[in-house]
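Here come two complexes built around chain A, the first alongside chain B, the second alongside chain C.
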Partner chain A sequence: MAANLYPNGALRPYLAVLAGRFQLMLQYRAAALAGFATQCWFGVIRILVFAAFYAGGAAGQPLSLRDAVTYTWLGQAFLAFLPWNADPDVADMVRSGAVAYERLRPVDTYAWWYARALAWSTARVLPRAALMVAFASVLLPLVGLGKWSLPPPPTWSAAGLFAVSALGMILLSAALTVILNVIMTATMSDRGANTLAAPFVNLFSGMIIPLAFFPDALRPFLRAQPIAGLVDIPFTIYFGGLTGADAWRAIALQAVWVVVLVLAGRWWLERALGRLQIQGG
Partner chain B sequence: MDALRLYGRYTAVSIRSQLAYPGSFLMMSFGQFLVTVIEFVGVWALFQRFGHIQGWRVGEVALFYGLASVIFSVADAVTRGFDIFGSVFVKTGNFDRLLLRPRTTALQLLGYELRLTRIGRLAQGLIVFSIGVHMTGFSWTPASAALLAWALAGGTALFSGLFICQATLAFWTVESLEAMNVLTYGGEAAAEYPLDVYARWFRDFLIFVVPIAAVTYFPLVAAMGRTDPLGTPAWALPLTPLAGFAFLALSLWIWGFGVRRYTSTGS
Partner chain C sequence: MPQILVEGLAKTYRVAERDPGTWGAVRGLVRRRWRTIEALKGVDFSLEAGELLGFIGPNGAGKSTTIKILSGILQPSEGRCEVGGLTPWRDRIRHVARIGVVFGQRTQLWWDLPVIEGFDLLRDIYSVPPDRYRRTRDELVGLMRLEKLLDQPVRQLSLGQRMRCEIAAAMLHEPSILFLDEPTIGLDAPSKLAVRDFVRVLNKERGVTVILTTHDMHDIEALAERVIVIGNGTILADSPFETLRQGVLAERRMFIDFEADAPDLAGLDLAGVTVHGRDGRALELAFDPRVIAAPQLISRITAAHSVADIHVDEPAIEEVIARFYDLHGAGEA
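Presenting the complex of A and B:
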């Protein structure tokens, strides 16, 4: 379909790598199941802990317990979007020297890597998210645990805004993955990028706890930084914590960061590849 | 005695080989440290908002959190051979070689690697525990120190048992089963908070099915000199880490069963 829309095919190679990688990653069913089981368990622990905290009094909290539960399940469902690691295939290329071939392809290297990253994350997220939604929004209410389930967004407008913001989350995740690829290419090792990415992403995205729980003085900074667009902004929109103009402002911020990170990534990638010394013979 | 000497040799070789790349070792240890420290930043922020969880203050939770982290980092460091058993030994057929050697398979796998980078998580656990000691005025007496050492021993036995069960499953599944992360990493995560914050069914799981509470919560409550809000009699609290050793014994028995059933992938 998409290829036919562009008969002369400027986009074709990127769509091809997107589709190919997507299908490849979907093959890892056992990994998806194991990930799903682990994420259910961690979701349960987090929710039990939140319930215990809220039992001491919910007054004056930035989120209700219901919202915290929603946020937790969404976080577990979309966990694989978090850019913890550079693309492992690119890491292999950097190690083996095959990254030089990337320059021989008649395609734009940045767009090529971006399409790979996009396919990599979405193909890992989709099966897990589908299982998680089946578990948290269908199964839990059926067995009488509706209070602890993942509810649908409260209004149609929240649902629509969430869909837009989720798109921003996906684009942002891929832009960050490519930046990790570039750091790895520049430093010739995946250690540095992979070691430091996870802690920062976990903290600043709102994955560890919703950003609203951090001290109020930090909030303007936490909301404005780019990584909030990976978790906190879309999930807060989902349960109706950001509506109307506020939600659009948050989405615009996401979009600005996507553009900035893509441009920065492109510029840096060209620089890194220009200086690249190939390993091996 | 001979086994102990051999394990010492294995360990020395493993440490030397890891220190051959000091840059990589430092980076990965630091990464471990950072990931786990940042998790605790989240806990801290929640306490800033809520003040307490079921009456426990942040200092007390830091004790539970630190102890769980220390126990897990030690067990995770010594059982690396079991952790990667499926992909490195079963899938490749390399386990055949272990069976040919005149030593037990459990000893050889324990000696496979002492994972030094877990020092990052160990450091986090010790720091968080020290914060807890500082904030609660935890009193160091010979009895409380001995209780903590006893909990650490029982906890290491329990988590090692879990990694051995994970390895045993690989005799049937061939690959290392990631789903066991639910009990290993997930068990550690559950032990970070005092047991009584959880719902009844979850508490029962952590006491009777996989007795993680028996090696963290109960001995620590005794070491803090408190009475258990769940009503466990005071004399029983220090005995609970025995459950960790029982679990390890059971795991080794299951392991032996798996070894007898092993058929090589034959490559």
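Presenting the complex of A and C:
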């Protein structure tokens, strides 16, 4: 286990919870298969919609149909990175009042929740993404549907930049999950945060339609806001829509948002837990 | 310097209130009324290392609030509190690394993990060196007889088994202070005894300071030399349990079985004696030993009536405490 590499390091508790939760989440095979099946279905529907849309006149579209297909499969493969919900474990603790007992751990509560969120999202994405790649990159070309498949990145540099940007996506996703945790802790309910989060994230990340399709006037704003770093930036880099300095600028933007959201989440979490009232004598 | 020092600790919080009914709910949307609740109103006490303190009081008296402040979960509104030289809520991380906490109504072990994996996770959370961890864990497992439970997921354990694991889990990092909030709640008799034995061993043999809250007076009788009674947010008494008993309910009970139906004792000179119960041939008397000594009482009764059996007892501890709460108007609000 990775944790044993740092037997006395300050990171040990966080690596332990990360590894522990990751292992636990990987056990849910049925959930992974169900998620994969759902995402295949939605991938096919979306691609059919794009195909119909482009058949009606593709001239002047910001993305080629090929790139839209790539974007769609990537979106389905990495769907579980979208912070639609607060961490369900933390939601349980908020509901039962056990959230206060998180303060009994000799750890920084923010870093602790962040490590949990990282383990939660990556452990769900990994099996689903592997199945999706097997389906969309390997199986589809084999059955003669290569035109509708998920191709590898066009260049090595696109692949490298995507890897960096995907890391940004993972870190951003965890930072947003913890912020949802904090909203939930402050409001003592998971309903509000979760109801608002899903549509907001779907729209502004570029999950519903790539941000490139939005009106020109809105695009600078849409590309600058933090949630673009969850979907639009990494996927556009993947198919080569953002290269060189443009790609690095987009990655830098992701990094800035990660730092801002981590600092804001930390400050807010301490405040919310400081004000927490615990009922019952 | 005492290990735990508490001075003038107060905690107030506000809760939103609304008038009853639909109209009240609508009005509450516009204008909130707030009610201030004083959970603690100036609590002072200190505790030396190695003491075992029992904290009792009716529901809502402020026991758990005090424990939560001492363990660093809650910030008080006012007052000073030092545990081993640290202020719990200000030096939270360093403070919680040195204490162990068990809440009888919650679990700190991971529900889906086998007990042993939960222990391993705690080893990492508290950064316990591996060899030291193994030694402590094996000792605790032996003491609490957990060998057969270690491989079971926590959710499959009975409450009694789980509570033994919880207390062991709270001791894995060898804290010098242990907080137990209602550790025996809902347990069956053997589990209660096991928990009490374990707490006694930790306190007497390891010198662990223990603060215990409970509603089970037998916990207090079995464990605590010192008892703090808390009610309505203030300390009502802080003394050995015996002192408390004598101050509140010095009376004794005499249980008499007569040869015939229990007689009316009106004709005898029995000052300081009241009839507490009567059932066929059995009679239960309450008497104050400072007014009339037991031998005197016995001789006056046996002189007038023929008696089959007599024994003298102290009132049950629950009765002592209930009487104490009544005297201080501290029954549950």
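By definition in this document, the second predicted complex is superposed on the first by the 271 of 281 C-alpha atoms of A that agree within 3 Å, B and C clash if a C-alpha of one lies under 4 Å from a C-alpha of the other, contacts with A are read in each partner's own complex, and residues count from 1 in each chain.
Criterion: a contact is a pair of C-beta atoms (placed from the backbone, for glycine too) under 8 Å apart; a residue touches a chain by one contact, two chains touch by 3 or more.
Values in this document were obtained by computation on a predicted structure and should not be read as measured data.
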First, second, both or neither for A:Val17, with chain B first and chain C second: second
Chain B versus chain C as contact partner of A:Tyr101, first or second or both or neither: second
Chain B versus chain C as contact partner of A:Gly274, first or second or both or neither: second
Which of chain B and chain C A:Ala31 touches, first, second, both or neither: first
Chain B versus chain C as contact partner of A:Leu263, first or second or both or neither: neither
Between chain B and chain C, more extensive residue contact with chain A: B
Which superposed partner A:Ala163 touches (first chain B, second chain C, both, neither): neither
Touching partner for A:Ala198 - first (chain B), second (chain C), both, neither: first
Chain B residues touching chain A - in the complex, by the definition given at the top: 24, 27-28, 30-31, 34-35, 37-39, 41-42, 45-46, 48-55, 175, 177-179, 181-182, 185-186, 189-190, 193, 197-199, 202
Interface residues, chain A side, partner chain B - complex: 30-31, 33-35, 37-38, 41-42, 44-45, 48-49, 51-57, 61-62, 191-192, 194-196, 198-199, 202-203, 208-209, 213-215
Interface residues, chain C side, partner chain A - complex: 13, 39, 59-65, 68, 71-75, 92-94, 96-97, 101, 103, 106, 108, 110, 112-113, 117, 121, 124-127, 129-130
List of chain A residues in touch with chain C within their complex: 3, 7-8, 12-13, 15-17, 20, 24, 96, 98, 100-101, 103-108, 274, 277-278, 280-281
